[in-house]
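Order as written gives the chain letters A, B, C and D; numbering starts at 1 within each chain.
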Amino acid sequence: MNRLKVTLPGLELSNPIMPASGCFGFGKEFAGLYDLSQLGAIMIKATTREMRFGNPTPRVAETAAGMLNAIGLQNPGLDKVMTQELPYLEQFDVPIIANVAGTTTEDYAEVARAISTAPNVKALEINISCPNVKEGGITFGTNPKIAQALTEAVKAVSAVPVYIKLSPNVTDITEIAKAVEAGGADGLTMINTLLGMRLDAQTGKPVLANRTGGLSGPSIKPVALRMVYDVRKQTDLPIIGMGGVSTLDDVIDFLSVGADAVAVGTANFVNPFICPELIEELPGKLDELGIKTVQELTGRSHQYELANHRA
Amino acid sequence: MNRLKVTLPGLELSNPIMPASGCFGFGKEFAGLYDLSQLGAIMIKATTREMRFGNPTPRVAETAAGMLNAIGLQNPGLDKVMTQELPYLEQFDVPIIANVAGTTTEDYAEVARAISTAPNVKALEINISCPNVKEGGITFGTNPKIAQALTEAVKAVSAVPVYIKLSPNVTDITEIAKAVEAGGADGLTMINTLLGMRLDAQTGKPVLANRTGGLSGPSIKPVALRMVYDVRKQTDLPIIGMGGVSTLDDVIDFLSVGADAVAVGTANFVNPFICPELIEELPGKLDELGIKTVQELTGRSHQYELANHRA
Amino acid sequence: MIQKEWMTVTNQRNIANRIYELTVRGGMVASMEPGQFVHIRTGDSFEPLLRRPISIAAINPEKSEFTMLYRVEGRGTEVLAAKRAGDKIDVLGPLGNGFPIGEAKQKAVLIGGGIGVPPLYELACQLNARGVETVHVLGFETAEAVFYEKEFSVLGETHITTVDGTHGIKGFVTHVMNELPTDFDVYYSCGPSPMLKAVEELYVDKKGFLSYEQRMGCGIGACFACVCKTNDERDYVKVCSDGPVFPAKVVVAG
Amino acid sequence: MIQKEWMTVTNQRNIANRIYELTVRGGMVASMEPGQFVHIRTGDSFEPLLRRPISIAAINPEKSEFTMLYRVEGRGTEVLAAKRAGDKIDVLGPLGNGFPIGEAKQKAVLIGGGIGVPPLYELACQLNARGVETVHVLGFETAEAVFYEKEFSVLGETHITTVDGTHGIKGFVTHVMNELPTDFDVYYSCGPSPMLKAVEELYVDKKGFLSYEQRMGCGIGACFACVCKTNDERDYVKVCSDGPVFPAKVVVAG
């Protein structure tokens, strides 16, 4: 028995840990550091129909226990991802989750249709929550009706299961979760970054050329945990949780609030070996907690809700 | 000329720095540490019609560069605040901003009417954004129509200017800002805490008895800055900015994005002398920046927006 | 008078499994009393952010030094344990109200559990200095966690219990208390809530003072983080400023 | 091969106003080249969170040591400056592509500005070792910020400029460059973007290599934080993995 194995729509994960989209490029750089077959899965960088250069620089800024980014979905475009990036990853025994972005429903559908046919793409992650592009992205993620319609459009054309990536920049994230569930989503990934800003203290000028950016890293973990917890109460859809995961305790925390698997973003920049390290240490941690399989952890925080209500 | 002086509706501030509500009690404890007359103003703990015990403990938990609290608006109730807490503060030459909370519009109006008649209360801060109480609080802060109606109800009975405290847990904070402006608000205070959660790593049990709590401290500063920046673009209402202010640079940052004054919350727990220290160091900082008065700083970040658009 | 002072570490050593003895010097020592605590900023970054409450375990006014005994639990105490002689630490204190030592005339029983033991040490010292006989009942998890046995033994009859029986008597402090003569004026206790509750119930007819723990924000009474419900007309108290020491039977343990 | 290694500090000293010289030891040194950089985790907390890119200023393969020269700017370099001999630091490297030293046959001009000076030092050492004559033009803000003047002088003709004229020639590096004979094969430069641009324009007919700075996330080419537009068919490059050194006239400076 593999204690770490997790089975989700489209995905046979050897373990519940994977790099988050945008924090791992298309895998090549990390392939020079370790064997990518160790990973539960890989969420590749957002792919758009045409190549995008993204935003002007500076594109990153550090904040207290976090960072802001405004990359602006730079990527080589659908064709190159299909002909160069994905084939390169075929040498590894690891499922790819393709992150799809766009500015119109047609964009999303076109990329989803094509990229879902790649042999190693086992699921799509639809990025309706990128805060760093002027059009599309986040607007799809903040309106339940639009989110549902987009989900339907993508589901209609995708050859693999569809996970919708939720934005935390909303009043009620459970409402969006339920809308995309109604639209036929196979799963959820959450959370994307919180919108934030940093200034140069001397001049008052925003550090990012894009002025605002997406906040990620340990500072957002409490918000991410709360959102996964709330969404888990409202839906049985599988959830891949993320937001500040840096340590084994963080992995356990996300599983505890109800995530089925966990993605690691910013921490890859702090320690590029973080994913294989967490994967290696996870069984020892399960032993320490007296727990047999990863699934046993999923959602365990919710038992205290009942207990508290009774008290 | 007093370089630090700031004049806002109802408030003649000798300087733009004041403790934030809930992080300073009713001032008594800090009065044992320094002369409260040094402060620009004092935002006292939320007052409700009846006394409230608040939530069970634990009520606080630490997070990366932040903390969660779920105090639950514990306070002695309107009568005691009027007869004991506010009279005690009269010995200090400092305007009081009374933080008003409730679960119904009538509650808010009743407390606002009464407390606004206290001689040292120069303005009200209407807390429509407390994430830690089951009813009222945050629901008033997330729906523009309800927020506007509440503002109107409070304005109708208040003897002093009314500032509305905005919640960051919304999709579009500018929408709420515009709604309360339409409702007659004299100013805005922002931001209240972000909803978050922390678990005990061993058991998966939420650390806070209330399970979720409000995230404050340096970790939320990027989000707060972004929100003040966005709201400043949409309204000319005075803004008292807060969220993670811990250093002089933080004060400058909030003024730069468009706040007229700045409140310090969590940092009072880290360093109880933070407010007088910041006030004392502010003139030197202005010199260093080559700036004459605090007002010159307000909104200076917005100039780069134009410049960027031209580029 | 509460002060915030950069105090100088004069000594730090590891005295038991994860238990450290940290001695620091500064002017604040002059006004310290047994049972009070300090609130420490362990590092200089935003992580850990909040101060950590630690009891005053021994006071040496001549040398302007005081000692803390603490267990490494998480990030804050881990950072604290890295301090060396000469380092400066940011201390807020002395905080709260300590043990009323005047209540003991002839004989007192001091009952401590784990990291509740430290404040009882200075208390025992001061009681002995006043000619009060002290009996100490100190409970620990296991042999490796036991500390200050010798130091207490010098001052009076000392009983050690361990949950696993690896040192002293096997079991809880209450096992020993059941056997002790009850010819004492007053008892003082500090430890985890369930222990305090058990002590209170066992010594229901005795005068006693208990020191409580709660998660804290400010440590000075301003944030309402550390409240406990009470049986008296106050309805609630704040552990940081009204306590941490309360007369028995007042606090409804959380 | 990029490695992540806990390296041991062997020496650190303050050599000019806010400028530190930090030497560390470890296996990674064996594969370092001039112009490459390392990405350093300065502390062990979440604040500062990200690594900091610092150039390799001197390589000593025999002792398995390398030296960095850096200016204390903000929180990260402040934490780094507190390291003492014996401390361990978490280093990722060597990163990027360094200066192509084979391009210089007889004579090279090295132009550095401020904290762009460090990588030129190892370059100068290696060029000298190959019998290439090096001329150094090093620009600083003010006298107090000048460092490594003697070290460069030993290797070849060295011109120092300061913006305020408090040391060496008053003005920018370009003032000196205007006067220099142009009988060199190649120039190498590192410094702020405006300086690189000026150097590129002045030496428009010469072969040159420039080292760029950009805000970085990963430092290994995965996050797209550090891109610059280019004039060639690539459209853009990543400073961290395609650079930091690029042939002149390729990068459209940000």
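Throughout what follows, a contact is a pair of C-beta atoms (placed from the backbone, for glycine too) under 8 Å apart; a residue touches a chain by one contact, two chains touch by 3 or more.
Which chain is which protein? Per UniProt: A, B = Dihydroorotate dehydrogenase; C, D = Dihydroorotate dehydrogenase B (NAD(+)), electron transfer subunit.
None of the values given here were measured: they were computed from a predicted structure.
Under the contact definition, chain A (Dihydroorotate dehydrogenase) and chain C share the contacting chains B, D. Taking each chain's centre as the mean of its CA atoms, D is the chain most distant from chain C. Between the Cα centres of chain C and chain D there is a gap of 54 Å.
The mean-CA centres of chain B (Dihydroorotate dehydrogenase) and chain C are about 36 angstrom from one another, to the nearest whole unit.
The distance from the centre of chain A (Dihydroorotate dehydrogenase) to the centre of chain B (Dihydroorotate dehydrogenase), each centre being the mean of the chain's C-alpha atoms, comes to 33 Å. As a whole-number value, the distance joining the C-alpha centres of chain B (Dihydroorotate dehydrogenase) and chain D reads 46 Å. Counting partners per residue, chain C has 46-47 as the residues that reach two or more other chains.
Residue positions 64-66, 217-219 of chain B (Dihydroorotate dehydrogenase) each touch two or more of the other chains.
Viewed as a network of touching protein chains, the structure reduces to a complete graph with every chain in contact with every other.
The part of chain A (Dihydroorotate dehydrogenase) that touches chain D in the complex is made up of residues 22-25, 28-30, 32-33, 45, 53-54, 56-62, 64-67, 69, 71, 74, 217-219, 246, 266, 268-273. Across the complex, chain B (Dihydroorotate dehydrogenase) is touched by residues 46-47 of chain D.
Residues 64-65 of chain B (Dihydroorotate dehydrogenase) are the ones that touch chain D when the two sit in their complex.
Within the complex formed with chain B (Dihydroorotate dehydrogenase), the chain C residues making contact are 1-2, 4, 41, 46-51, 92, 214-229, 235-236, 241, 254.
Residues 63-66, 68, 142, 169-172, 194-199, 201-206, 209, 211-212, 215, 217-223, 225-226, 229, 244, 249, 252-253, 256-257, 289, 297, 300-301, 304-305, 308 of chain A (Dihydroorotate dehydrogenase) touch chain B (Dihydroorotate dehydrogenase) in their complex.
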